[in-house]
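Quick one: this structure, given as structure tokens, is what I'll be asking you about.
Here the chain labels run A, B, C, D and E in written order, and each chain numbers its own residues starting at 1.
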Amino acid sequence: MRIERKSWNDPVFVATVAPLALVMVAFFLVPLLMTAVLTFQTTQYYRLVWTWDLKIWTEVFSKPHYWTIMLRTVAMALICVVLTVLIAFPAAYALATRLKTFKTQIQILIIFAFLTDAVLKTFGWILILDKNGVANWLLMHLGFPPEMLNLLFTPTGTMIGMVYNLVAYPMFTIYLSLVRIDRDLMLAAYDAGASRIRTFFEVTLPLSRPGLYSGAVLVFVLSLGAFLEPKVLGGGTSPLASELIRQSFETRVNWPLGAALTMVLITIGALMLATCATFALRRPSTGRRPA
Amino acid sequence: MMSQRMRNALVDTTLVGSVVLLLVFFYAPIATLVAFSFTSSRVLTLPIEGFSLQWYGELFNKPDFLPAVLNSAAVATISTLFATVLGTAGAVAWVRYRFRLQGVFRGLTFAPLLFPQLLLGVVMLLWFSVLGSWLGFSTGLVTVIIGHVVYITPFALVVVAVQVYGFDETLEDAARDAGASGWEVFREITFPLLWPGIFSAAIFSFLLSWGNFYVSYSLAGTARTLPIFVYSGIAVGSSPIYPALATVNLVPALLLVIVAEVLRRRALKRQASSIATS
Amino acid sequence: MASPIIDASGIVKDYGTARALHGVSLQIGTGEFVALVGPSGCGKTTLLKILAGFEEPTGGHLQIQGKDMRGVPAASRPTRMVFQKLALFPHKTVAENIGFPLKLQKVGKAEADGRIRAMLDLMHLKPDYLERYPAQLSGGEQQRVALARALVSQPGVLLLDEPMSALDAKLKKSLQAELKKLHRELGTSFVLVTHDLEEAMMLADRICVMRSGHVVQVGTPADIYYRPANMFVAGFIGETNFLPVTASAAGDGMTVVSPLVAAGKTTIASEHVSPSLSAKGTALLVRPETIRFVKGDAAPGEWVLDGHVEEYFIKGASTQYRVRVHGLDNAVILDLPGSIVLPAAVGEAVRIGFDPTQAFLLSE
Amino acid sequence: MASPIIDASGIVKDYGTARALHGVSLQIGTGEFVALVGPSGCGKTTLLKILAGFEEPTGGHLQIQGKDMRGVPAASRPTRMVFQKLALFPHKTVAENIGFPLKLQKVGKAEADGRIRAMLDLMHLKPDYLERYPAQLSGGEQQRVALARALVSQPGVLLLDEPMSALDAKLKKSLQAELKKLHRELGTSFVLVTHDLEEAMMLADRICVMRSGHVVQVGTPADIYYRPANMFVAGFIGETNFLPVTASAAGDGMTVVSPLVAAGKTTIASEHVSPSLSAKGTALLVRPETIRFVKGDAAPGEWVLDGHVEEYFIKGASTQYRVRVHGLDNAVILDLPGSIVLPAAVGEAVRIGFDPTQAFLLSE
Amino acid sequence: SRRDAAAAESLNYMCWEGYNAPSILEPFQKSKDASISIDLITDSAGGFAKLAAGASRDFDLVSSDSPWIQRMGPAGFCRYIDEADFADQFAEFYPQFRAPFAPLAFEGKATGLPTRWGWVGPTVNTKFDKLETWSSYAPVFDSAYKDKICLLDWGDWPIMPLALYAGINPYEELDDAALEEVRKVLRAAFKNTRAIVADLAVAQKGLIDGSFRALIGGGTYATSALRMKGHDYIQSIVPEPKNGLKQGIIWMEATGLIDNGKNSQIAADFLKYIVSPDVAKQLAITEATCNLVPNSKAEALFSEEEKNALQMDYMWTAWDNSQFHTVAPNIDDMLAIWQEELAAR
């Protein structure tokens, strides 16, 4: 891919970049800075007191449980990335290569599954996963012992919910990458004697990397922010970072703490992504060296 | 050892099966909700007692239901438009351009992804109330849209970037060579070739906006969107009107699936006849 | 053929409602070199893809090495293909592209490296290209990498879809020589799609001429060139002049009469007559290189026509003259050996002559 | 040239650390037809891309129609290009691809349709291809669509990067004739990159020979063929035989002596001597088509060598013989007019002869 | 809507579901020629946070949990009310709610009027457990109830009963030793906890099907609607006092006037309107929840079933055995402990 150098004197370029940059500066950068500023404040009577001290940061760094939750969040996010990608890939691949006829219908069905409110669907999952829910009811009628599955209000329940809500992202990004691969390249690999599986790993998978990576990134960042699933399907007994931040912010009305935890979460997320990026980009993904 | 053909059949079955299973997975909770929406009991326990349509009546009788749907639709449509346009421009700038301050630009357009949305809503509300007291406006649908655009654009950007990556720019060269201006190159070549990505980004944007609760809740003032309607209802104990809502949601999906199938059949027929006559 | 390595019979291929191949039959012997020629869009690539196993034929039978190929995937066939559009892996370096078949065969690193470098030499590619990606090579360089990838693992049947179209003449010559040498040494069968007739004639043992999904003629280069089945083959392979004549059977050969030539009557031996000659519309095929300018007297038995030079092209080794002759719709084409001093100028009146007994008689 | 439409001087182009063009200078006159030839990877495509405005040159100056082209985008240049890799728009049908330049020029629907159909006829494409997408066409059909797209709007300068490499011989001939005709009628300048030397010689007014980023020689086809600047050009353009000789100045021309030939001494006129002749290492360039088998007596002044036939190829219009001669490293190549009855068999002892005064003297 | 444009004044009202019933709002809008826009709270703390972020500028009225209304005074979101202006209303209240009403006062100044109330204690399904079993919170810590306890994740609500069981009065100033006791009792409670849910629907469902044997922290708010639908085997009770410490908690919702500079009279009128007997009756029995109201005159308007659903026969027993839910001085410490113990689970 050819990389174009652009100068800020080029009006067309400015017209492409400036609106987004302005929106983000005006409505995101300022709130972000406000968040950063908040971390140096304290509260009294549920009102902010402008103090500029490090009280909150001392608390954040002295209480290990914040870090336990952050670590748990990152671990859950990584597991979720792996699971969603593993589930999404075959489906995206099938959609791109096999199910040409029903592609549109399947896509519409998937999209509409996501138009239903997430809270509602999570509630639906409770009805399914509960000890005396639909899943166990079906299993019992199939001859399994009663109350066989005990998934509700466990971290597994949380994970089911997260995978459920996020798997569509990698599925679509991977699909986008897959449909662009020139079929001749796969033929060339078969021709060279590669089995279908080998071709997949040598050609299809590397060439679908842009979709794979971006899907993974989306799942990762969204998992970092997951709050509904741990709270509802996880039974609130092993909260993740977002719930921690929500509690600090709402229940405790301790905004500086919530802000500081947010900064910690952003930093951890950014560091993780940066590490993965350097690792992933060591090998170029479309055959052009990163310029 | 398995024969090659059997192995291929196995792979095919696995692949197609994975899509089927995924659809089952996606629709399992929805189907459950649909089943429970016809219960005559108020409490959602198995086995389902009786059959009634009363919850559908109650749903539509809720005075804030239809306004919430309309608000959601308006917010999602407008946010999608902005997020997709900005995200597309951003994706091109991310992947294909090199410019001064690009690192800053990338950071600024990516960071909202990492920002927990419930906090994003509150901090933006903080900022809007400062702005509002300077400029004399209150929060409402417009601030919701701005919030959604900030929150969603990075998603659109990432999705479009997949399509921008590895874009064959000799095609753009060819168009330029044919005398196309920058805009014409975009309209005729870049845009159509990026379209699958842009379209997916638009869909994701719409879904994200449509389903967003926290940003909307913080910034909506007294306006209500569908998720706010659901949330505030469910928080104090749900009745089967919410499962009924899930069912109502499905109707347009099924209609669209049918329309797509009809269109496909018709296109096939047209193609066949045009080949026959030529 | 005793045991053809490839035995295709009645191969039919439809793309949607368009039929690309209408029952193609072709046998290729072990170690044989067959060239596939024909107008663009006649189905050459389609046929190769069916042989390689990328497309399922709609009908017909295909055996390779005596085994039925129905349902046998490309990877399990002893064929290796060079794609018309190259199909180099964009995410692999040149070295990885060439080494890919070796990697699949689990050839040791040292040996693979050696063989990759040998291919690189063979293809006149610089060693520092090894680490480049295909997008960083010129068109011809890419084509050579594609060739190298197909050759490196010494396949049983090599299918080449215009492998040298983007190469310059000198390189093409040298690769043609290498290909011929490889063919002799390896004993593999080659199927070559090419538009370069010289290439086909020089390299192939047999040439298969196709036209809109049908095989029109299969034969040795000399057969195809000197004994074309019909005017299409004749016209397709090299430049032609067709002289309308009336023909009648005469003993072993045919008696032909041309109204254009004064002493225009002669007998043509049966080996110079197309076997598929039909009664109505016969023509005498006179190759441009067999015609000369008649300066002094005509040779005995030579047919002589009067005309004037319409145009000429210096083609290097030869010079092409187009001479307009009264009574003929198309200009007569002559191919004279090239020389610095041209034998005639545009507009000049000339006499041209040829030996009709060396011409070939076929149907229109 | 009075007013060259393209005036490139000292064009340098670096890709990263690799230099693709080392100061290329080339003038192209209005309405001129220039062919660019050279080995694969020598920078032909790069030069075309710089002319078209897709690549910024690293150094040098480029003027088109007298205007400096620095920073002028491709769309504003009067050039139109046919890409080596075609660059057909995959999302547009054939009709939309061809009609694209017209659409940009806001040509009316009816007129555009007419012109698209005219191009389709010109390119021998079936009308029902109009609604197909590029992926549904064969390689050659795609190339014709690309050509049609470039030609449809009758540009000021047409840049063609191997536009006919995937076409069959017959079609190529017919398109070459069309191209020549169009060139005459339109009066636009053509720059053609090609590997087909016959094509270059037949079509071009001037040929520019490049080698690894340098221009080696620019001249008329006859110049290039008969008066090559050095052995590279001679060897690149057509087959060659080089006979080592010692040369010494002799009045108007040069006296040359060959140790291989009995009466091996003759005088070569100055127009048959390369202007850049240097003292050490001179060779006589003898074109294959100027050599004959000497059956009876040698002609007066003819140089005769003894050898035996190593190999021959039937090329159709001509037959190529390779004759091994004692004292020469490479076999001597002869190009004899094709004939059904071959003049000599492999291994046969033959005598070959040529007129040394018609040969060309150049440095090694 | 068209009326918005025509109405003389518009009110922005932040409230819980139930306060927004058309049958409550419509008559007021008609009689006062006002239009009311609603913003529903999904949890009290969230509503507070929203006001704190600047939304208080845009609102006129708020109905939320009493401690949060109480906090809004000193936080500057609610204007203090003069109890004398509301003498007529106080006169109709049960004596327990008459002015000066301490639970809604900050430094002697009233921050709002009480609008609904109930009590918090264990909520149990009498089909599974005898009521006597829950005369103390002890089963919460009994291993026989492992994985059968549900805590309601509503801020401080679930913490308070457990602290009381530990012998700590959370509504008083606590020292480190007392906080350590709270930590221990939370840790012990978490051992048997199956889920901490914020969603009433989930809690109610679990209670009915027996997967939760008791809800802690929900009280009548979580159950009266179920009783209303005929599930009257679900009961919210208040445990016996333990070592002299009352174990129940009285919760209350209140309505306050937001300090947005407008000093709107119509907002104050609405405050009077919402506590009037007819309106109070409607507020008590809503689709989602059913609750007691402070207005004694409303009592006559309830049917027998409604009274049964509201456990009216039990209300003063509960009252007598309960603490009053106000702003606990050490609530932030306790919430921090809650977070910590949850993370350590």
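Criterion: contacts are C-beta pairs under 8 Å (C-beta built on N, C-alpha and C of every residue); 3 or more make two chains touch, one makes a residue touch a chain.
Nothing here was measured: the structure is a model prediction, and the numbers come from that model.
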- [ ] Note the shortest touch-path length, in steps, from chain C to chain E.
- [x] 2
- [ ] Just list the two chains that share the greatest number of C-beta contact pairs.
- [x] A-B
- [ ] Express in whole angstrom the distance between the two chain centres, defined as the mean CA positions of chain A and chain B.
- [x] 15
Open item on the list: From the mean C-alpha coordinate of chain A to that of chain E, what's the distance rounded to whole Å?
Closed with: 36
TODO: Just give me the whole-number Å value for how far the CA centre of chain C lies from that of chain D.
DONE: 21
TODO: Go ahead and note the Å separation of the Cα centroids belonging to chain B and chain C.
DONE: 56
Task: Residues within chain E bordering two or more other chains - done: 43, 46, 49, 198-199, 201, 205, 209
TODO: Could you list which residues of chain C touch at least two other chains?
DONE: 73, 85, 90
Task: Sites on chain B at which at least two other chains make contact - done: 8, 44-46, 122-123, 126, 166, 182, 231, 234, 238
TODO: Could you please specify the touching residues of chain A with respect to chain E in the complex?
DONE: 45-47, 63, 65-66, 68-69, 123, 126, 130-132, 152-153, 231-232, 235-239, 244, 247-255
Open item on the list: Help me check something: in the complex, which residues belonging to chain B touch chain D?
Closed with: 168, 170-171, 173-182, 184-185, 188-189, 192-193, 274, 278
Open item on the list: For a test of understanding, state which residues of chain D touch chain C in their complex under the given definition.
Closed with: 15, 37-41, 45, 84-85, 136-141, 143-144, 162, 165-173, 195-198, 201-202, 221-222, 225-226, 235-239, 287-290, 313-318, 320, 335, 337-340, 358
Task: chain C-touching residues of chain A, taken from the complex the two chains share - done: 182, 184-185, 187-196, 198-199, 202-203, 206-207, 284-289
Open item on the list: For the complex, give me every residue of chain E touching chain B.
Closed with: 12-13, 16-18, 20, 22, 37-43, 46, 49-50, 53-55, 57-58, 198-201, 204-205, 208-209, 222, 225-226, 229, 231, 287-289
